C-alpha cells in the first residue's frame, strides 16, 4: 500500500519511509505522538513529525549517550536521564553495575506508555528496581537538585516544543549545580550539516561552565544528515584519558572502547564550530 | 514549485530533495545522467537515479577517498582513479605535491562533460597538466597495467550498471598486479546498514589478496544511511602507522590527521563484518 | 505529521492524500484492505492500494450506480448487487420503495466488516430486513441464477485481483440469463483517460448481448481522472426514455432527473469508444 | 529517475506526476512559470505551482470555454480573451468563421513566449492574422472598453496572484459594459469540491448583472477534483435555447452539441450553490 511517512528535516530535504500501519496517533499535552510500523526500520516513534527512535537503529544513539560519559566517570552511582521516555538510555545505563540508581525525568507520560507498548526492546528496563521514573519537567527537576548526580544525560527532542529550554545556558548552569563535584553531563546537540549555529552556541555555553567540554559524534541513519553530535561537559574527568582497565566488557552493537576515543576526532568543519 | 527528487535508497526508504530545475537529463551510452539544481545541496549529479555527488557535501567523499591512502603511502608519484568522472578525487589528489601524474579512467565521457559544465568547483582540475583523462573501461585499463601505480582509487557507482565488475575479486587481483610493490588501493564500498553482505564479501575478497586490508568510514549525508565505508588494500604500508611528520598541511573541510586514524575505529556491527 | 497515502493511478501519475492515521490494515484472503483516516476525504477504504470509497465523495458513485438503472426500470422489485461490500449501493437501492429484496454478493467478508465499523454512514443499511447479504463469489452466484433479478449492479474493483472475471463477456452472458425478460444491468467500467481500451471492449461485449447498451459518466474526484464511466445493458427499457412521472423525489446529493439524462451525453473522445 | 511534480490542490490533497525534465523555470514579473515534460500528460505549463494546461488534456478546457458561448451567440464577430496566454482558447475561437477579430489580453508575456516554444499545438494560432495579442492588464483593458465585444472569455489562473481582481464584482460590471447589447461572457470558476464558496459568490455576483446567468461543467483530469465549472453571464441569449441549425460541424475532441446542453445539468450539490 502506498503509505509513506516523510520527515522534512529541512525546508528542502527529508527522508521518506514506507509505512505498514500507524499503531498509535495522539496529540498529548505536550506534543503530537505517532507510533508507526515501518518496513525498513521496524516500529518508529515520531514526536511532532520528527523521528525519535526506531527499532533498527536505536542502539547507536542510546549506547553513545550512555557509555561515553559512564566510562569516562570512574565510578558512577547516581545517574539522571532528562527526557528519554522511550527507555533506551536507561537500558544502557543499567549495564553499568556501579550504578545504584538511575532516575528518569520525562515530561510526557504518553511517551513512556506507548514505548512500553510498541518498543518493548527499548523500554523493557523502565520497570527495573534500580530505576526511578518521574513524569515531570526536567528543567524544574534540575533546578531543585544539588550535588546529587554523578552523570546527567539530556535525551531531549530538538529545541522546539517542550524541549526548548533544555538548550539554554541557564539549564547548563543548573545541571552543573545538580552534579557532584566530579560530575559529567552529556546532551544530544543535533547535526552539523543543518544546525551548525546551534552546535556552536551550545558548545560555547557549556564551555563557560564546565572545565572539560568536548564534542563527539555518531552515525544515526534516521536522524538529519546521519551525523549526530553530543556535547559533554565534565568538571574533572577527561573522556580521552580513560584508563584502559576501566573498559569492562559490555554487550553493545555500536560502542567500543576504540570508538569511544575515535568519536571525539571531529571532521574539520565540525571541529571549526568548537573554535 | 512542487518539484522533488526522491531516491529510494532501499525498497522502503529514501531521501527526497526539493528541485529548482533539472539542468540536464540524458540517457548516455552507459547510464541515465541527470544534473539537478537542488535547494539544499546545490547542483547534484544523479546517475541511474542515485545521488553521486552534490556541491554541498562532495568534500567528504573526495577527501576521504584521496587523502587516507595518499598519506598512508610515503611518496605517491603515480596515481590512478578509476571512475570519478566528476573530478573531485583528482582535485584532492593534486594537493599532494609528490604526485607527478594522476590518471583518470572514466567509462562515461558525458559524466566528465556535464561535471565540468555544472560542477566546476569539483571538476576544475581535470585540465591540470599533471592529469591525464582517459574515457575508457576501467576494468580493461587495469587489466593492461603492470606495476605502474603507487595508489589506485576506485570511485565507482554502486555494483549495478556499468560498475558491476568493479566489485569482483578478479578486479582486485588486477589492481594488485597494476600496483607497484608497495602500492595501495581504496574502493568505496557502500554502507553497512543496507549493504552489510556486500561489505563483508568485498572485505574478505580483498583480504585474500592484500596483506594489509582495512575498512574505514565517513559521514556522507546524501548517501544511503549517511555512513559510508571504504575498503583499503595495501601491500606493505599500514594506514594506522603513518609517521606524524608525514602529515603536511593541506586545505580540507573533513579530513584531518586525527580523523585519518579515527576513521578506522569501526562501530561494533561494522567491525563484525570484517571478522 | 508527514503521513501521506499515494495511489499511483498510472505508472506516471497519481493522487496523494494526507493521512491522520491508518485505522485498519489487513491482507484478507482476497486482497490488501486498508482503512485510512484522511484529512480531506474523511475515512477512506483502500483495496490493493486503490481508493474504493471515501466518506466525502462516496455519494456520487453510489447514487449513479443505483438510481440510473432503477429509474430506468419501471418497477424494480428484485435487485442484485455484485461486490459493493461497503454497502453504499444498497443504501441507495433501498430508497426505491418498489424494491422488495436487495441481495448483496460480496466475495470478501472483511470489506463488509470494516465498512460497518469505519464507514457507518455508507454501510448502515446492510442490516435492513429488505437486504440479504451473501459472502460469496459473484461470478458463481450469477452462474446459478436464472430470470431472477430486475436489476443487477456490478460494483467491483478494477479488473485485477478478485474482480478480473467480472469484466469478461462470459460474465455478461451470465448476467443476461440471471435477469428477468426486461432486466437491466450496470457495471462500473473505469475511466476513459487511462483505460480507453477497456471501455471500448466492455461496451462492445455488452452490446452483443443487450439490445440497449449505453455508457454514462459521473465525476468522482478520488477515482483516476475524475471521470468515471458506467456501462448499462438493458433488454428493453431505454434510460433516455423514462417517463417524467416516473421520477419520484428522492434525497440525493448528485443524482437528479436532469443529470440522469445528461450523464449519457458523452465527451466526443468517449463517444468514439462506443463506435 | 525519481523526479516528481506534486501540486497540493488543497492543504491535504494533491496530484503527483512523473517528470522527465524541467524545460524552463523562471520567476516572471508576475508569477513563477514552469514548463515541465511529464510522462503521463506531455508538456505541462505550471504557474505558481498550479497546473495550467497539459498537452494531453488541454482540449477539454479550451473547447468548453470557447464553444459554449460562441454557439450560444448567433453571430459572434468580435471576441476578447482575457488571460489565456497559452493560446488554446484562441485556437478554438478561430474555428468559428463568423469571428472577424479575436483579441487576447495576457498580462504575462512570458506565458505566451514559452507556450509558443513548448506547446506549439496549443499556441500555434497566436500569429493568425485574425488575432491581436496584447500584453496588458486584462482588468484595465476591460475598463477602457465599451460595447465592443460579442463574447468575452476570462481564462485566468486561480484568484491568487495576478488574477485576484478578475474574480470581483467590479470586474463583471466592467465586462458587461465592454460587451455589446447582446453580449455573452464566460469565466472559469474553479471546482465545487474544494471551492464551493467561490462558486457561490461568483455566481450570485454575475447574476446581479446579467439577466441570463448559468453554470456549466466539464471534466479536466489535471485540475482539482476533475470537475471544473464555468460561469456564463449573457445579456439576452440563452445557452439552452440554441437553434439546432446553429450547430455547424467543428473538429473537437470533447465538445458536442449534446454535451453543450448536458453540461448545464448540474450535480445536485453544485446546483445548490446557484440557489
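Lettered A, B, C and D in written order, each chain numbered from 1.
Going forward, contacts are C-beta pairs under 8 Å (C-beta built on N, C-alpha and C of every residue); 3 or more make two chains touch, one makes a residue touch a chain.
If you're wondering where the values come from, they're calculated on a predicted model, not measured in any experiment.
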What's the chain with its C-alpha centre farthest out from chain C? B
Where the centres are mean C-alpha positions, what is the separation of chain A from chain B, in Å? 33
For chain B and chain C, what's the span in angstrom between their mean Cα positions? 57
Using the average of all C-alpha atoms in each chain as its centre, how far is it in Å between chain B and chain D? 54
What parts of chain B, by residue number, touch at least two of the other chains? 6, 14
Okay, what are all the chain pairs that touch? A-B, A-C, B-D, C-D
With touch defined as at the start, can you tell me which chain C residues reach chain A in the complex? 1-8, 14, 19-22, 25, 32, 34, 36, 46, 49
Chain A contacts chain B in the complex at 6, 10-18, 38-41, 57, 60, 193, 217, 219-221, 225-227, 252-256, 258-259, 261-269, 271
